[in-house]
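The next part holds the structures, each set out as structure tokens.
Both of the next two complexes hold chain A, though its partner changes from chain B to chain C.
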Partner chain A sequence: MAVKVLLNEDEIPRQWYNLAADLPSPLQPPLGPDGKPIGPEDLAPVFPMNLIEQEVSRERWIDIPEEILEILYRWRPSPLRRAVYLEKALNTPARIYYKDEGVSPPGSHKPNTAVAQAWYNKQFGIERITTETGAGQWGSALAFACAILGLKCKVYMVRISFDQKPFRKLMMNVWGAECVASPSMNTQAGRDVLAKHPDTPGSLGIAISEAIEDAVSDRSGKTRYSLGSVLNHVMLHQTIIGLEAKKQLAKIGEKKVDVVIGCAGGGSNFAGLAFPFVADKINGARIEIIPVEPSSCPTLTRAPFTYDHGDVAKMTPLLAMHTLGHEFVSPPIHAGGLRYHGMSPLVSQAVVEGLLTPRSMDQLHCYESALFWARTEGYIPAPETSHAIAAVIEEAKKAREEGKEKVILFNWSGHGLMDLSGYANYMEGKLVDYPLPEEELQESLRSLEGLPKAPIVKTGRW
Partner chain B sequence: MAVKVLLNEDEIPRQWYNLAADLPSPLQPPLGPDGKPIGPEDLAPVFPMNLIEQEVSRERWIDIPEEILEILYRWRPSPLRRAVYLEKALNTPARIYYKDEGVSPPGSHKPNTAVAQAWYNKQFGIERITTETGAGQWGSALAFACAILGLKCKVYMVRISFDQKPFRKLMMNVWGAECVASPSMNTQAGRDVLAKHPDTPGSLGIAISEAIEDAVSDRSGKTRYSLGSVLNHVMLHQTIIGLEAKKQLAKIGEKKVDVVIGCAGGGSNFAGLAFPFVADKINGARIEIIPVEPSSCPTLTRAPFTYDHGDVAKMTPLLAMHTLGHEFVSPPIHAGGLRYHGMSPLVSQAVVEGLLTPRSMDQLHCYESALFWARTEGYIPAPETSHAIAAVIEEAKKAREEGKEKVILFNWSGHGLMDLSGYANYMEGKLVDYPLPEEELQESLRSLEGLPKAPIVKTGRW
Partner chain C sequence: MLGHLVPFHYCRDHTGELPCRKILDCWHERFAVHEYLRGIYSEEEIARIVSPPRPKLLQIIEIARKARGHEG
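Moving on to the complex of A and B:
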């Protein structure tokens, strides 16, 4: 029985899929500080214009430049694997498939967009890119892409992850990038936070502020900022994952997917796998599509859909999204990539429309699932990926109870080889859960007061 | 341009290749403590009989059981990659290909034999396996294989690596194995060493003694020992690498390989890639085949071919091999997998015959080569693999000087994601080389005094 389905390089998808073209209700525009919609030119100090064009595009299909494909060929098309041993261990009639994004050099899905963004920046004449990173998967992916393309790279890494995952910083250094703990003394945004909260574990919101400030304050005009998730063009670049998966499932004669699952922090690995299937759902297919988030950072399951800033210093435009409030600081769960206060506007709007059914998971349950996976399937998942796995196991058990031969597809967003200290803490009984008390949630949502409300537009079809 | 060549599962080689069938001069038999050749029954307390039969087999082709293939399918056939960016950076006319053994769950070539050995042990009714490990690649591979097959596993890990690479131990724990630093207080062999040298960094020779003692002293008869390199059956299981490479090169029309390179500690990843090409060389092909070892542990380049024990406590039979003497303790280079005093008898005999041209490399030069590789090709190599890369870069430059379109093939034995502290030390200028002074070599060779000499048999054809 085939346990993996491969595609050759000439079978790679040659266009990205843009969900914005097909959403039943239109995406809400980003707003400036004055509450008015902003235009491409307002984003020009932060991003190169070619990426801004992708950000606002409503074209359904966007060509992938040949030179980007040539870099992606190093690890793409990625394998579609079947979890036959997990199926046996669970005695489930479900067939479980997953896209293995851990095969990229930095070990996650992140380089799919890092390579694209670095390439477009270089095309635009940019020589240096700044960014933030949580768990370090994004920072190392951008460092890798910049090394390959000959660009300078500076990464502001959330302090708690910087301390928990020192090897991620070393990966960035191996690829020639500079990496500092955020908040840092390198920026005004960082200094402001440190003055108030010298012991802060940091947050993605703070690190984003620092990276943007660094980029826009370079007077040469040769530095831009890059974001690893949330924005439309990032979701776009990741859709190659789901498009490949469709070709691979077709290749082995799987005609119908019943459940699609991905963990969701800012939304990019989830969207990458799921959006091509969301398109099918919009066109009438019956598919359950589940973004899985930590119960300690329940953006999609408990937070409102409204306008909010992407960062703590309010340097980003206001985005219409599910948000816990831009001042939210997540508890120190090991899934650093899922600790963001907001969520991709595209993913958020799809949730509002009822196209997605979000689910939240406790940390300990995720580690239990990850360990069960590693001892049956072999590969060790990242803590973020373990959230998807926990939901997969739930769905596989449900299929067993229902006696249904379901096809479950999920995104293996990355391997956990850089995250073994989290496993050690779990095995030693040192980890705890951080359910978010209602009063803390309400407190955090106060940072939304005074910001414009996003209209809840639902076509009522799902 | 294709940068990787994939095979489907149904294209996997279904037999292992046994070089012992084709060596021009016969392999010298292992000897017992009395200096007389030992038979299979003498090995029965240590290994299961089905593996002993493979160890002494002179059959050219040995079928791979279907159930082993089904486990290998998780990551095999492994990709054959082309290093196009390195070629460009070096401006070489050479085409550089490598087998990526880093795609296995533990990240190296080791599970090729770990899965096979665990499977044969289970077939023989064994329930628990003991082993030693240097850098931890072997220990984690056996832990993985035992997890998949439901066997217990105990690993004695050389203390210096145990301290340098704590994440390798955690990997073993994730897969449910027990891992202790060697020398340990768990065995008489370990206690003896600790009594004499309480601060010893340990060695593979010591750890082997402990693992064998543990296995043979289990009175239930359900424990056996497993070795990750050196022995004939280990080389055999690894030949799937070179057999796949041949199919992949044929698939893209590469008819002739000029240079084959692999790093060599005990010899297994080198043999795995090289032996099918050694067969071609025996049959008249012109190929340069280069095992690369650390200059601090120059087994093939400076040590004699003679009979020696595989371990410090002399628990193994005497093997005819290149050896620095069983009391040799290697300096603490980061390539822990290359710190063994001996070498596979098959590899050693091929060197004696002149079929191989060994080369040694300094640690700093290897790290320099690894960093150059990571910043051009993207993937980060293990410190062991960096020895092969250093030789590849030398050969690629030579091809440029000679203006020759050579085909260079090497074995990417594993990724370096668990070894980033070595990179950090290198980038911070903290590493040094450890050339082995002649007087220290001679001192180490004294442990060979009184042991039988192995006859140097050379047919004179190479």
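Moving on to the complex of A and C:
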């Protein structure tokens, strides 16, 4: 029995898929303080115009430049694996497949967009890219991409992570990136913080400010900033995952997928696998597509679709997203990458349309599933990925109960070899579950009363 | 969000200004952190602490405008 399906380099997809072209109800544009949509000129100091064009594009297919493919060939097409050992352990008639995105040099799906972004920056004449990072997964992916393309890369890494989690920083250094602890003396934002609080351990907010300031204050105009999640062009670059999977499933003779699953924080690895299958669903296919999120931090499963707002003065720009409101309180969780208040607008709108069926999972259930996976399939998943695995196991058991030979596909978004402390906490019994109680949710949502409501635009087809 | 363990004082004092907006998220299972904050901050300040961030794209634009303002 085949346990992995490989594609040759000449079989790799040569276009990205843009869901914005096919959403039955259009994306609602982000609004500025004046109530007018944000325009490309607002973004030009930060991103190169070729990426801005992708951010606002409504073209269905966007060609992947050959030079980007040449770089992706290092690990792409990534393997489609069949989880036969898990299937046997569960005694399920379901056939479970997963895209292994852990085979990239940095060990996750992140370089799919890091490489593309670095390449487009270089095409635009940019010589240097800045970004921020927490624990370092994104920073290491961008460092890798810049090394391959001969660009300078500067990563502002939150001071406390810089000190406590040195290995991702070392990965960045190995790839030639400059990684500095944030706050730093390199920027006005950093100097302001250090002047007041010289011993501060930093924060992601400060690191973002430093990375953007560094980019926009380069008078040569040769520096831009890069972001690894949430934005439309990031989702676009990740769709190569799902497009490859479709070819691989066809190659092994699977004519139909019943369930597609991915974990969802900012949305990029979920979107990467799922969006090409969402297109099939829009065109009539019967597929259940499940973004999985932590039950302690539900943004898709229980929050209404409304306008979020960023401060108590209610003077900040508005964007249509799923939100839990001002007073939302999330319990602790070790899957750091899933702890977003907001979600990719494309994913949010697909939920509104009913094209996606979000599901939430308790963290203990996720770790239990991750251990079961590691002890059957062998690979240790990232904590984020364990959310998808928990849902896969649920679906496989359901197929067993129903006696149905379902085909289940999910995104194995990265390995967990840099995240073993979370496993240690689980195995030492230090983790507890705390799903958001209904009354706490309702209290949270009261803070949204009186705010402008996003018009719910949906066709009602799903 | 940082992917590793941090002590409470990091969340309480990490910028020297208001606590991290995630402080309730991360600590309310351990002790009554909301009550702790109420003893220190006004309701308005607490509302600011727990406010969700602005959408990413708009945060970026705002930071860029502020940074360019520094240049004069």
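Just so we're on the same page, the second predicted complex is superposed on the first by the 365 of 462 C-alpha atoms of A that agree within 3 Å, B and C clash if a C-alpha of one lies under 4 Å from a C-alpha of the other, contacts with A are read in each partner's own complex, and residues count from 1 in each chain.
Just so it is clear, a contact is a pair of C-beta atoms (placed from the backbone, for glycine too) under 8 Å apart; a residue touches a chain by one contact, two chains touch by 3 or more.
If you're wondering where the values come from, they're calculated on a predicted model, not measured in any experiment.
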| message | By the touch definition at the top of the document, which applies to A:30: first (chain B), second (chain C), both, or neither? | response | second
| message | Under the stated touch criterion, which partner chain does A:176 make contact with: chain B (first), chain C (second), both, or neither? | response | first
| request: Kindly classify A:6 by the partners it touches after superposition: chain B alone (first), chain C alone (second), both, or neither? | output: first
| Just chain B (first), just chain C (second), both, or neither: which does A:378 touch? | first
| message | Between chain C and chain B, which one touches more residues of chain A when both complexes sit on the common chain A? | response | C
| task | Using the superposition on chain A described above, determine whether A:421 touches chain B (first), chain C (second), both, or neither. | result | both
| task | Have a look at where A:89 lands relative to chain B and chain C in the superposition and call it first, second, both or neither. | result | neither
| Looking at chain A, which of its residues have contacts with both chain B and chain C? | 421
| Along chain C, where are the residues that touch chain A in the complex? | 1-6, 10, 13-16, 20, 22, 24-29, 34, 44, 47-48, 50-64, 66-68, 70-71
| In the complex formed with chain A, which residues of chain B make contact? | 1-4, 6, 8-9, 70, 73-74, 81, 85, 103, 105, 107, 144, 147-148, 167, 170-171, 173-176, 371, 374-380, 417-418, 420-421, 423-424, 427
| field | In the complex, chain A residues that touch chain C | value | 30, 32, 38, 42-43, 45-46, 134-137, 158, 160-161, 164-165, 187-189, 193, 196-197, 200-206, 208-209, 212-213, 215-217, 225, 227, 229-231, 297, 308, 310-312, 316-317, 319, 321, 323-332, 336-337, 339, 341-342, 419, 421, 432, 434, 447
